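Several structures are given next for inspection.
Both of the next two complexes hold chain A, though its partner changes from chain B to chain C.
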Partner chain A sequence: MAKVLRYDRGIRLLGGLLACGVFLFLLAPLAVLVISSFSPTTSMAFPPSGASLRWYGEVLSSPDWLVSFQLSGLLVLYVVPTTVVIGTLAAYGLTQGDFPGRKLIQALALSPLMVPEIITALGLLYYFHGVGLINTIPGLWLAHSLVALPFVVRAVMVSAAGLDPTPERAATSLGASRLRVFLTVTLPLLRPGIIAGAVLAAVTSLGEVAVSALVAGANTTTVPLRIFSAVQFQLDPSMAVVSTLLMTASVVVMVVADRFARISEAL
Partner chain B sequence: MTRATRRWRGAGYVLPLVVFLTALFLVPLVQLLRLSFNPVDAYNAALPGFTLSHYGRVLTEPYFYGALLHTLLTAVLVAVLCVLLAYPAAYLLAGRRPGTLRTVLFVIVISPLLTSVVVRTYGWVVLLSGNGVVNRVLVGSGLIDQPAQLLTSYPAVVVSVTHVLLPFAIIPLTTALGGLDHNLHRASQTLGAGPVRTFLRVTVPLSLPGVVTGALIVFALAMGIYITPLLVGGVTEPLAGIRVYDQVTTVFDYPVAAALSFALLVITLLSTTLLGGAFRIWERRLYG
Partner chain C sequence: MSGAGHVEIDDLTAGYDGARILDLDHLSIHRGEFLSILGPSGCGKTTLLNCVAGFVEPTGGRIVIDGDDVTALPPYRRGLGLVFQNYALFPHMTVADNVAYGLKVRRLGKAEVAERVGEALRLVNLEDFAGRRPRQLSGGQQQRVAIARALAIRPAVLLLDEPLSNLDAKLRREMRVELRTIQRRIGTTMVFVTHDQEEALSLSDRVAVMNAGRIEQLGTPDEVYRRPATRFVAQFIGAANVLEGTVTAAGLLDAGGILVGAGTLRPGSRAVVAIRPERIRLDDAAAPAADGTGAGGTVGYRAFAGDAWHVEVHTASGRTITVQVADTGGGVADPPGAGTAVTLRWDPSDVIILDRDARDPDGDRGGDPAQAAHRAADRDPDGGGP
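So, the complex of A and B:
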């Protein structure tokens, strides 16, 4: 028995070590950026020769980066309400409703996730050319909303699937109108899914580049797009700074939201 | 409430989504499909009419069909790597009771999802560059004499794409492993099976739905990924997504880019449907 236990512990240790390796692999490229962002020189050599906030100052005083930060922030403010309203209504209808074609619409709602991103990007590029939305903020707003919508639908569907119909029925029998029932009973019950969906939409919009790279232009360079073009031409610690700021923004949004909803269950 | 209204209960709620996706997803895809059959003039501008010549080019020019084949093989390789790497991580995560450590591990798993694909890829560019960490370790340990050209190499593309897509394999696997009944493990061990045998004969088969879900998602995403391989591998990397991007941004040949996109879409949908269907048949045969 003792031998089996030792053997068991060995296997466990091996598995744990493998898992640690995987976690390290996941973290390594992100950690390297955070550390490089404090480099005092123009070199991206790792590890940096010292620590300074020089590049933070440089990024925060650069008009180009500030314009991009404003644009990215503005897009989040547009994309989150759009996708949350459309996605919440749809998730509720898909889980609680009963109508012909329900399964088909559910497949449609999640299909942007399964279609290769380059196709969505090319489709929007050609379409936006026709309607004059290339290199415009409304164009990016619609494109980001399209990419983020399936995440919101899926997150709210998790909450809506476990919805207890009793409170809604009670409110209806007490004379509340359908709208009032939805706003005052249903929505609060769906709150965890809605918050998770809103976070995913915000994070998706903040990081979106596959579709934006084709439909944006010189006047609509979001933060990730500016990193995208900068990485292709030069490497200096300012991009590490921006990456670190972008990551921090996402983590803050996530941690704050996690206090209200279990994001982990909505993925 | 009449029978007819009950039949359409809840349909109004999905209406905004249907309108939105029709306008911004279905219509663009249909337009793109029609474009892929349009003839072009000498400047690659689309003309009215119908031709199969773009699909002909995609299927006969090695520049295109080679890229499709290479993309398919790369997506399979990445899906296999992701499942193999996801397993130990998901196993560790699923076995932990909720607490600070589990939350930290979970944040690490989804941290790539919370950061822009450009940021993650940029991290790899820094790691793999001429004076990057990987080269320093390789040179410092005496494995190689001088820094190797790691960027723009195929292994670098596979590693970075695997990194970007790994969370999509870990999440469904964690769900599948977390839902396992621990009594089955105890039963297996009581009946005399060792930990390895229990793992291989009980845990792995029961987690297969999670493995298949994760592998299919990673495969589908890997088929269309282009930003990461473009930054790490360069524009010459023969992947379909990069070829489409290149046709659009430098050659301005939209119809052939559209044809290549649809070839990629058909291959992706066929592969995922076939693999998913095969798994379901196999599962039914196994469990009746």
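So, the complex of A and C:
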């Protein structure tokens, strides 16, 4: 018995070490960035020789960066509602509906996930040129929505596929019309999927590079694009600062969404 | 029961692509009655309920409630209450909001909503739980909320789809009593779908036994139990032993060596009879049969079930007869163990005649008309119940 127990403990230790290794591998680059962002010198050398908020001040007082932060923030505010509304309706229809071509449309709705992003970007580049949407906020809004939509559809579909039809039937039998049932019963039941989809859409929009690079321009440089162009000619800790801020924004979005979902569930 | 014609269902059929799930001639539900629809899974009982509720579109026939043909009406315009096996409460609303849902849909004033929610929750003894969320309640409490929610809109009929099946045995018995009490108090017509014969018998004013999309028998619980109309009903409710054979010159039914005295059977005809397990006695193998009926056999298996022993006896002809021996507490009436030779006995009055052969030209015409009506159904090959 004791022997079995020790064997078990060994395996558990090994598993724990393995998990730690994987997490270290995943988090190390991010940790390096965060630590570098507090560097007092112009060098990106790791580890930094001291700690200061010098580069935070520099970034936050730079009008270029501020414009980019505003633009990225604005895009999230546009992209999330757009993709959540379209994605939720699409996912509900695709999982609960019964109509010819359902599978085909489902594949179509998820297809941007399967296509390399640079191909989508190229398509959008040609298309947006024709209609004059290059280097515009609406252009980026549409482009980000296109890239983010499949994530929302996917996330809501998971919730919608496991949807219990009986609460909807109960509401119907109580006299509620189709629309009323959807708004008062179905949507609240789909909330976990919708929130997950919204988080994915926000993070996708915040970090999007490939498509943005082709459809954005001098007046519409999002934060990731500015990082991308900045690292090409000067590598200083301000990149690390921006990355840390962007990462913080993503984490805040996720934590807030998670808390929001949990709290409303527990109430 | 006055007020016949409360719910009238005629020639109702439903199914997909030619497969018929439901094929109902006629069903009339009386106002204020508690009607159970009892049958095995897949017999069409839930489809029938969903047709009445409006969630399944029938392929033919009509449903009339209080004189209005509702067959083509969408489910939200039917004004019926629905209770589900899994409660189907709205998890994001409080108990009070759940109950208020149908009232708010009807745009009732705030004061009236509050009053009727309170009334409905009092009916199910949950007025102290108004502010809780469904997940904070036990299964039985959740089902009571679901009942309150359905009754708050004062439905013409309350439809219950296996509402007790998710509860544990003790709670199920308590809820049975409570459900019946509520029904007696408010007098709402209730249609209760179940596969549990005990539930159906103990709760209902009438029981409709369904099989393969048809109603095999409709009657009071004691009628359905004591005078099953078909082989299916006899076997599904109370798991009767069904014996089939030819009537001997002495007027006894010879079912493969088992002789059954069943009164007015005509010699030479074929007949089907049923005997309830609890109506059969186990005697010593040596005891002579006074009237020549009964059968010899050996005990194959016995099991103690608390209130009774379940015994299987194999006869010489290879048939298995199930016998139920009530426990006496002292153990004096315990059946003998496996391998013991016994004689099976029963009173002629406990033999239920399911079918006298219609091929017999002089067949008994004086029998129970219900049984005559069900002869055709009885010869269906699906007669093998559990």
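Throughout what follows, the second predicted complex is superposed on the first by the 240 of 267 C-alpha atoms of A that agree within 3 Å, B and C clash if a C-alpha of one lies under 4 Å from a C-alpha of the other, contacts with A are read in each partner's own complex, and residues count from 1 in each chain.
In this section, a residue touches a chain if its C-beta (ideal position, glycine included) is under 8 Å from a C-beta of that chain, and two chains touch if they have at least 3 such contacts.
Keep in mind it's a predicted model, so treat the numbers as computed, not measured.
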| item | value |
| --- | --- |
| Chain A as common anchor, with chain B and chain C clashing or fitting | fit |
| Superposed model, chain A: greater residue contact from chain B or chain C | B |
| Touched partner set for A:L110, first chain B, second chain C, both or neither | neither |
| Partner chain in contact with A:R180 - chain B first, chain C second, else both or neither | second |
| First, second, both or neither for A:L33, with chain B first and chain C second | first |
| Touching partner for A:A171 - first (chain B), second (chain C), both, neither | second |
| Which superposed partner A:V251 touches (first chain B, second chain C, both, neither) | first |
| Chain B and chain C, minimum CA distance [Å, superposed model] | 7 |
| Overlap of chain C and chain B interfaces on chain A (superposed complexes) | 264, 267 |
| Touching residues on chain B, where the partner in the complex is chain A | 6-14, 16-18, 20-21, 24-29, 31-32, 35, 85-86, 88-89, 91-93, 105-127, 129, 131-133, 136, 163, 166-167, 171, 194-196, 199, 220-221, 223-227, 231, 240-241, 244-245, 248-249, 254, 257-258, 261-262, 264-265, 268, 272 |
| Chain C residues within the chain A interface of the complex | 53-55, 75-82, 84, 86, 88-92, 101-102, 105-106, 133, 146, 149-150, 153 |
| Chain B partner contacts - residues on chain A that touch it in the complex | 4, 7-8, 11-12, 15-16, 18-19, 21-23, 25-30, 32-33, 36, 43-46, 85-87, 89-90, 92-94, 96-100, 105, 108-109, 111-112, 114-120, 122-127, 130, 142-143, 145-146, 149, 153, 203, 206-210, 213-214, 223-225, 227-228, 231-232, 235, 239-240, 243, 246-247, 250-251, 254, 264, 267 |
| For the chain A and chain C complex, residues of the former touching the latter | 164, 166-167, 169-178, 180, 184-185, 188-189, 191, 264, 267 |
